[in-house]
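Note that the chains are named A, B, C and D in the order they appear, and that numbering of residues resets to 1 at the start of each chain.
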Amino acid sequence: MKAVSLEEAIAVIPAGASIMVGGFMGVGTPERLLDELVRQRKSNLSLISNDAATPGKGVGKLFDGAQVTHMIGTHIGLNPKAQQQMLGKQITVDLIPQGTFVERIRAGGCGLGGVLTPTGVGTLVEEGKQRIDVGGKAYLLETALRADFALVQAFLADYAGNLSYALTARNFNPVMAMAADTVIVTAEHIVPVGVIAPDHVMTPGPLVDYLVANG
Amino acid sequence: MKAVSLEEAIAVIPAGASIMVGGFMGVGTPERLLDELVRQRKSNLSLISNDAATPGKGVGKLFDGAQVTHMIGTHIGLNPKAQQQMLGKQITVDLIPQGTFVERIRAGGCGLGGVLTPTGVGTLVEEGKQRIDVGGKAYLLETALRADFALVQAFLADYAGNLSYALTARNFNPVMAMAADTVIVTAEHIVPVGVIAPDHVMTPGPLVDYLVANG
Amino acid sequence: MDAQTIIARRVAQELRPGNLVNLGIGIPTLVANYVPAGLHVYFQSENGLIGTGPIPEQGMAHPLLTDAGGKPISALPGAATFDSAMSFGLIRGGHVDLTVLGGLQVDAGGHLANWMIPGKMVPGMGGAMDLVSGAKRVIVAMQHAAKGKSKIVARCNLPLTSARPIDLVVTDMAVIAFPGGHATLLETAPGVSIAEVLAVTEAEIAIPDDVPEMKL
Amino acid sequence: MDAQTIIARRVAQELRPGNLVNLGIGIPTLVANYVPAGLHVYFQSENGLIGTGPIPEQGMAHPLLTDAGGKPISALPGAATFDSAMSFGLIRGGHVDLTVLGGLQVDAGGHLANWMIPGKMVPGMGGAMDLVSGAKRVIVAMQHAAKGKSKIVARCNLPLTSARPIDLVVTDMAVIAFPGGHATLLETAPGVSIAEVLAVTEAEIAIPDDVPEMKL
């Protein structure tokens, strides 16, 4: 783990990168990292995020400036800009079930090739996928998903990069922190080693590449 | 969740049942539940447990009295009785890789039909299994595993059945607590609701069927 | 009583002690207001919480404690939080006893469409497909008709949410189940006749001898 | 210096700053005693811990804090505990930078057999197959020969641990790597000649022009 400035952290992300961003409707999203992505005008991003949040909030900021060209997510209904950009074919969007979304990312982070899920069998989601029966029940093979970068928001981070999350801001953050080549973290509080008890660490420090120092 | 006595908890398990038991070399194993399984002489058990522990300890107690007829686990090398019973064909044992073992149980608990793992490709473990390529890499399809009962050891349980685990005694317990029809829990400490903070609950109360009252 | 209240109150009667319940956005959310006195159930919010409580009092909201719509909620004593993999493990794994969802169409066989109107509304399915595939029991709470058009159709022409049929649909006019895969009228809303239900129901629907009125 | 010490000291030189390392039971465990001064690495114990420390002082052991063999250990400041799904997610997912394992046989192509002797010893593979399949780098630490018989064989006749070749084998006589899938002698142990290594090595092994002695 390396402690870096906000500017340095985002500078490592090239245009065209795939980025996973934690958060659920903007809750638990690393807002400072997104503000800096906007400021550094990173473009042609492939975004992997549960939803498109709302304009001006969370990953919604990336749609405000048309910085996203492709998105994989589960729901974009509360961001009219993302909807417009999709319907206007400025961006392509793969909408997938939320349980499938998180399992694909988990598989990517845990070295699994994919999982078999009953979700989506017999629906549009099945198109182009392999159906596999196990014990007389039908499942879809959903393959692993990884990204170049994961942008993660923690509640507490210690000096060694151990992370914990608070309340419903945990959501996709710990899963994404395992599924990217480079993991960049901002935290509401950076605290001495030992403040987070071993049993309460949700993301162990060795998973973190960059921890953004607080201002 | 229902609070019950030790005797009542084990009385619900019929002979011939499949039981998942938490613990790793006897650490994090619900010893009181095992003692009561021995006392009530439950027989013909199908045991799903990481290892066979050692004679007189953890699930090792079940081999002392020859109560197990089938086992699925990852390692029995430190229990000579289990080894003898396997080599003497008194019990059948499926030995599978530990990462595969825990993912199969997790799949069972999470409604997945199975997972694709690279582990075991090109080894004896591949026998009888489907090999599936994803992105040019070979994986084995490993199917979900569930049991009639999960026997779980928590460190803290609150009155509502919320559980947390300590240090290396967590191991398979939270995963198994999701993968059985009936979940029976013993805890080192039973505490009032609220003592375990929401962010520190590792197994939510609604997953627990029986919590054994302390003596 | 307005349509939404009728629906929410009737659905609340389906709650059983100790149930783990997931409520969708819209009418389903209102069900939490009508939990029968003395009945204890757990509400799950799929963004990572069991034990959701009512909207917090003035000044008590926390930005990191919200429902799946991003709106502030409270947590009850004994609440538990978790990540999204766990949340959907609970949902897909059959640990959620009951989910209540909104609907665009329910057909005669109990199939639900509730996430997409091709060419028009494509917000994404969010957690709906997992909920319908995985919850032990699925109830749809919706208006019986929209703009005079029945939402209980012969066959869904909108994309399905799941191949798995739902268990019950509760509307402002009726309660309908699907025993043996066939829509069957169980109850009518107060003051609504069977003929009135049939008049705004496109699906073929079985009418048992005894169809009581909802007791709200 | 005895055989085990030679092996453990030499393997310890392979540690890099910040590495997440998993040590198997036996000789590999000894590697932790020879971490170069000033080098910070993390040790994972696959039963659910990053940050394992030495055996606790008298009276400080806790029964719920053990290594994968069930023996008491300590935890260093900054340690993290987790369940087995996470532990093997770390291993299989390539988050473990280095694993050091014992071996029964390593063959000329770098394939490892270390979990079973058919008809004789069938303890089970535990976590070994996942570690060899998933860790970024795999080092086998073992005696070069057992009862006069080479453990570096032409082709494993014991069941393989993984189809994936290992990266390095360190014995009491030699360091061997597998560039291009062929066993290649990198170093000899102090006082051991190349001829002595070849005499107890069944596998065909390439000998580069320069084969230095281990610096221990």
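Everything that follows uses one rule, which is that a residue touches a chain if its C-beta (ideal position, glycine included) is under 8 Å from a C-beta of that chain, and two chains touch if they have at least 3 such contacts.
Remember, it's a predicted structure, so these values are computed and weren't measured experimentally.
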Neighbouring chains shared between subunit A and subunit B, ordered by label: C, D
Contact-richer chain pair [B-C vs B-D]: B-D
Centroid spacing, where centroids are CA-atom means, of subunit C and subunit D in whole angstrom: 55
Rounded Å distance, subunit B centre to subunit C centre (Cα mean): 35
Chain centre separation (subunit A, subunit C; CA means) in Å: 29
Per-residue multi-chain contacts in subunit D, two or more chains: 49, 75, 81-82, 85, 88, 91-92, 133-134
Two or more partner chains touched - positions in subunit A: 103, 106, 110-112, 117-118, 165-167, 170, 198-199
Pairs of chains found to touch, sorted by chain label: A-B, A-C, A-D, B-C, B-D
In the complex, subunit A residues that touch subunit C: 24-28, 50-51, 53-54, 73-78, 83, 86-87, 93, 95-100, 102-103, 106, 117-125, 155, 165-175, 202
Subunit B-facing residues of subunit C, complex: 18, 20, 42, 49-51, 75, 77-82, 85, 88-95, 133-134
Residues on subunit B engaged by subunit A in the complex (per definition of touch): 103, 107, 110-118, 132, 134-135, 137, 139, 141, 143-144, 164-167, 170, 198-200
For the subunit C and subunit A complex, residues of the former touching the latter: 45-49, 62-66, 68-70, 75, 81-85, 87-88, 91-92, 116, 121-130, 133-134, 159-163
List of subunit A residues in touch with subunit D within their complex: 1, 106, 108-112, 158-160, 162, 178, 193-194, 198-199, 201, 204-207
